[in-house]
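Presented below are the structures under discussion, each in the form of structure tokens.
Each of the next two complexes has chain A plus one other chain: chain B in the first, chain C in the second.
Here is the complex of A and B:
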């Protein structure tokens, strides 16, 4: 009897957590797939309609969302990571007031997404924004980046990078700090330049961390709704209509829960692929590889 | 009392309107002499409002006074006002009710009711509000009673009246009488825009806030052109030569006459309101409920006129915000009393006087206050609504159609032919309404 109890006790102890995970994670995902393959009328789930909900995702409007999402995620990833590496190298150097500098560059991390979006929207406002005012006063030109497709996407990427680079910076800084200083000293004795130190020591040693950061940022960017919703509302001409915003709008403006769920399934699958890469590359290989 | 206009809602002439107002006032005065029923126990109502009770603006203060009027006459009922931004109120109410944590009562934008009914978040009011009302009391509403009736059930009451298409202009920079035709307006504004170095006419095509900044003037422009927004059979009524005219007009204002800037695709109603308050444009078209806000910044420099159209002023686009009881409500009797109080002539008069909101009740207009200079903006709107009305009932999924029309206009700005863009709207609309 005691043996049975002792064998079962780990599972019994895990049961509450498993139930909670099922209720708040697995059930919604299963339900999402269920709705995605059914006709809906507001909140009523109708009959099975095969993949009809997915068809609208692959029309011209849907494809614009895929393109917009790809541009947004890739541009944000590249800029946020580059900025984080640059600032990490800078803050790693023996600068005066380094502690203060490190604090200042982290400030955007404290700002919520809503405030970030409103802040940048105000900065870029064509009528009252300081940038528009400067452009008018200094060059006599009007400046309305949110009013054209390229400008709106660029503005959204900049706002997103501004908000999210501190997270990448923290991780990159930690990775750089964990590189033994003897390696740099040895390289200098061998006559390596600063660039060579970076290229052959810093980058390879912090590369794993950069990959982790990249994947975590990509997860987040794929599911971002607040910034596009507030800054551009998907416009102009659907240039910033990200898949994540489409999920939200189809559900809560258009009340097309089937379409919304279908878009959600696509976002989920894209993130799942990324997660599999993450697990395969870092988790499965064991903790030692993840440390840098 | 009313007569039908071809393809339009009931028509009200001024005499009928004032007669109804006087009759309604008398009836309501008699009705108000009876004591209000009180509840046996202490209850609390949660009321979601787009107006923040802690805000210092006139509209919030007015709503606070309306609620206070209710709680004074019903001390057994506490009301907690929870502010929710108007742009997301519709979605939030549906989500809240579906999650079982919605409010008891909510005040929503005029386009939201069909979707609240469709989503099942609105509770029927036939047995809750106005159970003993006479026909005169029912006829006391400015907007048609049936606008908020679905399958024989009253699903909401108008909390105010709105004139959606007032033409606003800066008096000190726009001299003379505003032309009533599009051609006249263009000729009139062109030299003024050049003189002052700012846009002659501003609007916004953003999909945010269900694109009301755009559709509030587009829908009456359809009517003026002989097109419809949605036909009686539920199809789009603008996929024709007449329906294309308003789009051609705004395109010409941007591309040909350069009176409207080409960045309007990103502008929201709030952007346009701010631009007018900051005198960044000479004119625009906005709604009556925010005139007071603009006037606080512009004073007498804000001029009001009728929306110019192809051959003369467009019909008045009268609508209203509404107040409804949700299916989350557990205190239906108290909620009914609250709604009755918020739409009562006394409350409506408070809202008119303090917030300069158009009342939902005809009888309120008979109050002497409406003859004072303070009520001039309201009188302008009431006259416009009484002389060229075109009431209509928003169809289900109207928020989808509005945002879809704004997208079509954005596409036109980047070169998509008008007909092609509207055909895509019609296809999407048919798909949306047929599931």
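Here is the complex of A and C:
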């Protein structure tokens, strides 16, 4: 009796967590696939429609979402990661007030996505925003970035990078700091230049972390809704209508649940590929490293 | 690369970044003090009128209460379930342990946006739309895998010898857990609790989808609806945004050390 209890107890202890997680993620995923393959009318799930929802996803408007998502994710990834690596290298140097500088640079981490979106929307406002005001006073030109396709995407990327680089910076800084000083000293004695130190010591030693950061950022950017939702609502001319925003709007604004679910399936599958690569490459090896 | 000596332009680069990081928030603060919002900023008149109207004439106080309730219950549920699970995964050897842990990790990478439609349908069927319960359940599910992994690696760093000694001395497993493991787990629990609390405080898309009814909104949702409910009154929105940043900022300030300690003991490299 006693051994049965003690054999079962780890499973019993894990049960509450497992039940909640699977009820809120696994069940809805199965349901998502079900809805995606059926015709829907508001909440009524009708007959099987053999992927018609997916076909309508690949029309001209749908393709714009794929393109917009790719631009948004790649631009944000490149900017946030390179900014984080650059700052981490500098913040490792023996600066005066280094602790204070590190804290100040991290400040945007505290700001939520909603406040970020509202803040940048106000800053870039064509009528009363400070940047538009400056452009008008100094150069006599009007400045309305959210009004054109390129400007709206660029504004969204900047707001997104502003909020999310501190997370990448923390991880990069930790990775750089774990490199032993002796390696740099040995390289210095052998007459290495700064660039060679970066290329042959910092980069290989912190490269693994940089990959992890890149994947974590990609996860976040790929499924981000809040910033385009508030800042641009997908406009102008659907230039910032990200795939994730399409999933939300088709369901909660247009009540096309089947179409929304099809887009959701695409998001889920792309995300799953990334997750499997990530887990195979890093999580199993590194154990706790994967913690955010 | 620059560990021994900073390049001459380091201060310039860091100063520029700091300005970029802080200036938008400073401007937001100035905007919140400007009673003539909507006109060009910097009118030279400052007052707390926006704050007064956000706090007393809008439902922001209610939203703060909603968010606090939901966040506290989410923290409680997450920490309870995660501690039990982490204890099992750290102190027992059993078949399928690593598979379960990887499964949890995979579940935590499910994109929120993909499951919102089914979750909405589920909540509607259970008549849980616009309730605290549905938010607590969904947020808990979302924070559990990460918290469980964090607490497990934290628990792995606590040596098991003390517990074994207690067991030998006749303490029950539960007794050993409460008397010996739990006190040592406190920094980990504080760090995890802080992460969960701030997550709930800042969450938007789940909250706006499942609880958008006027009196059930969370702070972030309330801020967003300020635009549509009261028109584009940037001064008041700015005041609301500043107020909404204060609780997480204070928590970080006071728990910074615990956060770093809790996370580093959890072997985050």
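Basically, the second predicted complex is superposed on the first by the 266 of 292 C-alpha atoms of A that agree within 3 Å, B and C clash if a C-alpha of one lies under 4 Å from a C-alpha of the other, contacts with A are read in each partner's own complex, and residues count from 1 in each chain.
Here, contacts are C-beta pairs under 8 Å (C-beta built on N, C-alpha and C of every residue); 3 or more make two chains touch, one makes a residue touch a chain.
This is a predicted model, so every value here is computed, not measured.
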item	value
Side-by-side fit of chain B and chain C on chain A, or clash	clash
Chain B versus chain C as contact partner of A:50, first or second or both or neither	neither
First, second, both or neither for A:252, with chain B first and chain C second	both
Partner chain in contact with A:122 - chain B first, chain C second, else both or neither	second
Touched partner set for A:149, first chain B, second chain C, both or neither	first
Chain B versus chain C, judged by how many residues of chain A each one touches	C
Touching partner for A:271 - first (chain B), second (chain C), both, neither	second
Contacts of A:189 with chain B and chain C, given as first, second, both or neither	neither
Partner chain in contact with A:238 - chain B first, chain C second, else both or neither	first
First (chain B), second (chain C), both or neither touched by A:141	neither
Touching both chain C and chain B, counted on chain A across the two superposed complexes	43, 125, 128, 252
Interface residues, chain A side, partner chain B - complex	39-43, 46, 56, 125-128, 142, 144, 146-149, 152, 232-238, 249, 252-256
Touching residues on chain B, where the partner in the complex is chain A	91, 94-95, 98, 115, 118-120, 205-208, 210, 261-268, 271, 274-275, 278, 280, 397, 399-400, 403, 407, 410-411, 413-414, 431-432, 435
Chain C-touching residues of chain A, taken from the complex the two chains share	7, 9-11, 13-14, 16-18, 20-29, 31-32, 35, 43, 83, 86-87, 89-95, 101, 104-108, 110-115, 118-120, 122-123, 125, 128, 130, 133, 162, 174-175, 178, 181, 184, 188, 194, 197-198, 201-202, 209, 219, 222-223, 225-226, 229-230, 244, 247-248, 251-252, 257, 260-261, 264-265, 267-268, 271-272, 274-276, 278-279, 283-284, 286-292
In the complex, chain C residues that touch chain A	1-7, 10-11, 13-14, 17-18, 20-22, 24-25, 27-28, 31, 38-42, 77, 80-82, 84-85, 87-89, 92, 94, 97, 100, 102, 104-122, 124, 137-138, 140-142, 144-146, 148-150, 153, 156, 201-202, 204-205, 209, 220, 223-224, 227, 234, 237-238, 241, 244-245, 248-249, 252, 263, 266-269
